[in-house]
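Structure provided below as structure tokens; questions to follow.
Chain naming follows the written order as A, B, C, D and E, and within any one chain the residues start at number 1.
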Amino acid sequence: MNFSGLIQDFGPLTITGLAQGAIIALFALGYTLVYGVLRLINFAHSEVFLIGSYACLIVWGFFGLDQNSATPNVLSVIGLLLLGLVAAIIFSGLTALGVELVAYRPLRKRNAPPLAFLITAIGASLFISETVGVMTQRNIKGVPPLIQPRDVFVIGNMHVTNLQILIIVLALVSMFLLDRFINRSRLGRGIRAVAQNPDSAALMGVNKSRVISLVFLLGGLMAGIAAVMYDLKIGVTRFDAGFLLGIEAFTAAVLGGIGNLRGALLGGLLLGLLQNYAASLFGTEWLHAASFVLLVLILVVRPTGLLGESLGRARA
Amino acid sequence: NSDSGSDDTASGNCGYKLAFFGALTGSSANLGVNIEQGFELAINQFNEKKGSDCITVAKFDSQGEPGVAPGVARNLVADKKILAVVGPPFSGESEAAVPIFEAAGIPSVSPSATRVSLTANGWKTFHRAVANDDAQGPAAANYIKDVMKAQKVFVANDQSAYGAGLSEVVQKTLGAAVVATDKTEADGKQTDFSALVQKVVSSQATVLFYGGYYQNAGLIRKALTSAGWKGTLVGGDGMKDVGLAKAAGNGPATGTIVTCPCSPPEKAGGTFVTDYKAKWNVDAGTYSDVAYDAANMLLQGIDAGNNTPEKLNTYLKTVEYKGIANTYKFTDTGELDPNFIKVWTFKFDPTGNQIADQEVPTA
Amino acid sequence: MSEPHIETPGEADEANARPVDQAAPVGGTATDQPPVKPIGDVLLEVDNVTLRFGGVVALNEVSFSLRKGEIFGLIGPNGAGKTTCFNVMTGVYRPTSGGIRFQGQSIIGKKKHEITRGGIARTFQNVRLFPEMTALENVMVGADAHHKTSVIAALFRLPRHHREERTGRDRSYQLLRFVGIEHRAGDVARNLSYGEQRRLEIARALATNPTLLCLDEPAAGFNPAEKTQLLALIRKIRDSGVTVLLIEHDMRLVMGVTDRIVVLEFGKKIAEGTPAEVRDNPAVIAAYLGVPADAA
Amino acid sequence: MLLELKDVTLLYGRIQALHGISLAVGEGEIVALIGANGAGKSTTMRAISGLRPVAQGTIHFNGEDITKLRADLRVVRGVSQSPEGRGIFPGMSVRENLEMGAYTRRNRAEINEDLDRVFTLFPRLKEREKQVGGTMSGGEQQMLAVGRALMSRPKLLLLDEPSMGLAPMLIQQIFDIVVEINQQGTTVLLVEQNAQQALSRAHRAYVLETGEIVKSGTGAELLTDPSVKDAYLGVA
Amino acid sequence: MTTEATSSPTPKTPLSAQEKKNAREDRGGVRGWYGRQSKPVRIVLGVVFAALAFLLPYVGEVPLIGPQIVTQGIDWPSALFNMSYYVLLALGLNVVVGFAGLLDLGYVGFFAVGAYTVALLASPDSVLRTEWGWLAAVPIGLTVAMISGLVLGYPTLRLRGDYLAIVTLGFAEIIRIVATSTETLRGDRGFSDIPHPPGEFSDGKPIFGVADAVPYYWLGLAVIILVIFGVRNLDNSRVGRSWLAIREDQEAAEIMGVRTIKYKLWAFAIGAFIGGLGGVMFAGQQGFMNSQTFILQFSILVLAGVVMGGSGNIAGAILGGALISYIPDRLRGIEDPIWGTDLFGFRFAIFGAVIIAIMIFRPQGLIPSRRRAMELKDREKEVAPIE
């Protein structure tokens, strides 16, 4: 164990952890939203993310950009970023809707048992990621260096870069807007109603199918944003990027209390931080193990996660 | 001569099969495909000379997984026309599959399984056309010490048998110059290396030696550059692949040093590099050249009338074959003769190619 | 629906008078007890029990005691703490303070299944059957509470396992018959009608061989005629030697069947006594009954 | 007729719960539906509100065939149900629950007006405006369910056992409110076990038995009908 | 009921027999027919079926159909052996998920524990240097697997369904990471020379050699048959009933006297035991193993197999377990019509599509338990088509 290393690097580890955590948190929202409403682990959410991470790369590819391109000027960067975000959001959203349509809706129509949903989701996840895997020959795809990391400010040995700030701010803003939407808007209330009592919700005039689609869509949008951030931060993507990060996102969602939006944020940030600290303390190879140990410990003490379930709280 | 291969009497030693055994699909397929393509190229060229299908290519997809390998290996040995195997590429699957080749008496030549212990199993039919980790490690360390003159070196590995073995040797050879170490998960299991990068930066090392494969190495190189680290990444043959530059971007990858227990193919003259590109429409990858050599060595043996696995195995015991990447001669245990072990370093240039740098001593 | 299988009050009287051995279906204890023994020794003591949920005081220093062989009523306005009282008695909640003794032994801190095996069984306000199991299987789960064999015996099909399976099955079937739904033994519980489900719950609870049976609003959703049948059934259960604790809002039923009543309001006991005493208690009228109960 | 069911059959899996029932509710009426457990009363309500699909038969509302209409669209047409078991949203406050009742409506001023009306009908709800639904007591939840159903300003209000599990005092109150709502112009279809109370307030009533209508008539008629008395009113 | 019921003595044993029979006869199809046969007939049928299973390695010899069945890129008996340990895993996971309703996404962990214990005790590479025979290591391996089931089960007892899923997933990942990253478990280097099961032919050759997988398959099959008997006995007993009750409503079960903790732990322990069985057999056949085998996708695949086959049903679990191993292997050596490459490369993509298709057309699984089939039929019709 390397305590001195941890203490020495605490600042930098914190900021990189927060940035990673913000991505995880955005990703986790999709799990939490779907779970909150349908009580289903949407296993295919990882592929919603995956498609987003490729979509923006393809769009940037249209402009002839690849990992070896030079960083364009500021205006183009902003334009490209927006375009990439839009593309990722659209494709992630469409994927989420598609998954709902193909893997969930037919089962819902037949009122299938919950496990069946889990398995079709696994099937959809396999299908999408493997198809991408075959198409890309399981090779990595590099990301154009749209944002050259540059220190914005430095505290001690903690260098806070423009990219990290962008990621964290974007995550917080999306999160805040989503939270407002769910808690304040009429549609948001509809979502919560379906989560808490689907039959009653129908009796209030809520269109359940549309709400469910909306939930998948929202999860997809968030995953799309997360995917662009991920691409920029890590610099490559590959067919199983969704699967890997998906497990972490799912862990974060459960950690915070699955079904709870703020829980997803808390869980994501906590996980990002913890992984970095643990990697520094025990070695990078223990990074994932640490997050699972934390998860087990927290669930043993708080069986419904840190903040508990909220979207469908105390569903009868 | 366009006689069909099945007409044994006409061309003497035709109608046999050579097998490739290794990952063609799955996450470890990259190396497998590199090797298979080199292997297949050699056979194609041979057949062009000898008759359209003198020697048939048989491919066996082990997925690179020790759990899958035995079943596939049993399938391989059931085909009595197979005289020898090129593969398995990975050390783990070799452990699982070679006992089955051994039981069937089929010789195998691995172009890339470098785990030291493989030749300690008492196998009679196993050969490797590449130096083991003990040879490459000291060379890499010597290069870091003597050529780069690095005072502070950070050593990390991906915990694969290959990467861990290599980095252990490097660490031992470098001794006090190693300021810190770390381990990562294997390729495809980890993408965020922030913590490792932070450690490297904080250690003030000027060289990071990474024992592992090119994907992780590329990601790490990119993250290091983003974090402003100015040092050099050094690694073994597992990183000698354009994939590293694809992951890192050509800019950050430039200057990265990889060692390889092989000579640059262009040194050997010949047209391998262009032939390969022409046939497969991609550049030759890691160990494509060694696989090509291994296949040619076997083909030469068959052509000389060694048309049973036993004969071919005996042939391998004595042959001294000069290929494009090396000259091959095997010891009793199947190890490459130490006299022929050459280790070269290669350097990534700004276009992502690995340019031969220099030959380095292995001791 | 199931009317033909339910006794009319007159028939119930007949049942009251039936000989000892016929009480056997319900409880083994019945054989060594006279069938009708309205008031006996103290069976259950609730002693100064307080239970808080955060700010809500669901039970506030409640004390009462039940005697063997009586039918005891627990009434009070909505949210008074009646169901909570059951939950405390069956180990679902642990009281904040106070004690509960059953047959002289404290049951605080005991596991739920231990309490059941000790002799307290209950039904639920919102029916909680095992919906995908058949009616018979539901009852057999209750009957299993007193079976000794476990994984090893079942794994190797030891003779004792066979014996217990057989007796359990037979007894469960008898209980279904006792509550009048044996014709639905093979049906999955979720397909039973509400009333049948309530009866099944009673059978399942009886299968655990209880000394004390707690019924939480068993008549909710029953029409008056069905309530009359239920009333007879409750009597019959008591007559077989089981003490009954009853939560109910229907005054006609409560007044007609109970021996004694406790009234709760806001978690506090506000009255206790015979049905007649309670009915005329002004505090109870003000808190619960409103206008003097017309039906009674 | 505001609502008309013709030969409606409904299945739960292999179980046939309704065997071709026909009934009608006129504008401005209170119609009661009584019957034993499992007779199919709640099932009829679910068929009307669209929670369960009917296998055969038609349902007309306000002249329109709504047999195949989604449940949420029927709400827009003016059918509103307070379901068996109350079905409140446990995680939402009392006010949010009530606003859910007005989910399909946009006019803020009208909604506020109706909110006030519900609060006057049930002063208790006003007191507990901020309390979370799940922590309300049974009776309060029942008030909330009825109030919520009113919030959609229904033409037709379906009440499924509004008195179930309520203390005697509250039962009186609920029935008084039903009459009051009706006088304010809402048509009510009422399912009740408390047949005495229901029949004495209903204009007309139907008696259901194992999924079939076996009797109908005015409330008063059925109150005095000996067979009804026998089966549903208990010993007189 | 009334007087008639209370006065007439209850029919005793005939009742239960009749009950059972009724239940059996309710079913249609092959299973219904099987259920209606008399006991001797059923036993004979079972024996014939088992005998056929033992002859499977030679199915390739059967004209016409045989070649369609056997795999191409992988040795057929080896593929059968692989199927056998997948089936074992599916049977074990079925106890945990299908019977007790505990969603376990990390089942491969127990497989790993069984295999690693054998490796540690028997391989010359182990730090223990005990170098036991395979058979001697097996009981220890199974015990350790069972204990690991309890270790996982105990802290997770309070967790509800989906929380349990992620925790089990986490446990399996922790096991994998520990296996990869600790010296003792040798990570990717793995353990070589793990001894094979004992036994020799009369000519002195070992029965369980490296070249022939048939004996391993037979061993696996024999173990499977034993496990089937055990699991079936449990299912048809109060143990099975208790699991079912826990699955449906845990609290109500407890209040009805079911010792939920005990039975949940038993479910974990039995599941882990069977998973461990798979592991020790794998280690014994393999000779070499390292941490690569025990990846998460493996667990998920087995779960998919169980549910696809018919969760809660033994025959279903067997079919599902066999299919998840068979389908990908069978795709070897088949050319795809478009790119002309081996379909094996697409196996998981195809597999994903197959999973979705199967679940949509048979949400209750290929061979559902009687109970689940009924449940679905009911639920299916209940749902509003006007959605």
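We adopt the following convention: contacts are C-beta pairs under 8 Å (C-beta built on N, C-alpha and C of every residue); 3 or more make two chains touch, one makes a residue touch a chain.
Since this is a predicted model, take the numbers as computed values, not measurements.
Looking at A-E and A-D side by side, the one with more C-beta contacts is A-E. Averaging C-alpha coordinates per chain and comparing to chain A, the farthest chain turns out to be C. A straight line joining the Cα centres of chain A and chain D is 43 Å long.
One simple way to say how far apart two chains are is to compare their mean CA positions; for chain C and chain D this gives 31 Å. Mean C-alpha position of chain A lies 50 Å from that of chain C. Per-chain CA centroids place chain B at a distance of 77 Å from chain D. Shared interface positions of chain D, i.e. residues touching 2 or more other chains, are given as 12-13, 15, 50-51, 70-71, 85.
Contacts with at least two other chains are made by residues 208, 283, 285, 288 of chain A. Shared contact sites, meaning residues of chain B that touch two or more other chains, fall at 159, 183, 185. Residue ranges of chain C in contact with chain D, taken from their complex: 1, 3, 9, 56, 76-79, 125-126, 191, 193-196, 217, 220-228, 249, 251-252, 288-291, 293, 295. Chain D contributes residues 49-51, 70-73, 75-76, 80-81, 83, 85, 87-92, 96, 99-101, 103-104, 134, 148-149, 152 to its touches with chain A in the complex. The part of chain A that touches chain E in the complex is made up of residues 35, 39, 41, 102-103, 106-113, 115-116, 118-120, 122-128, 130-131, 133-134, 208-209, 247, 250-251, 254, 258, 283, 285-286, 288-289, 292-293, 295-296, 299-300, 303-305.
Of all residues in chain B, those touching chain E in their complex are 24-25, 60-61, 65-68, 70-75, 77-78, 92, 95-96, 99-100, 102-104, 115, 117, 121, 159-162, 164-165, 183, 185-186. Residues 5, 8-9, 12-13, 16-17, 20, 67-68, 137-142, 145, 149, 157, 159, 161, 163, 233-236, 238, 240-241, 244-245, 275-276, 279-280, 283-285, 287-288 of chain A are the ones that touch chain B when the two sit in their complex.
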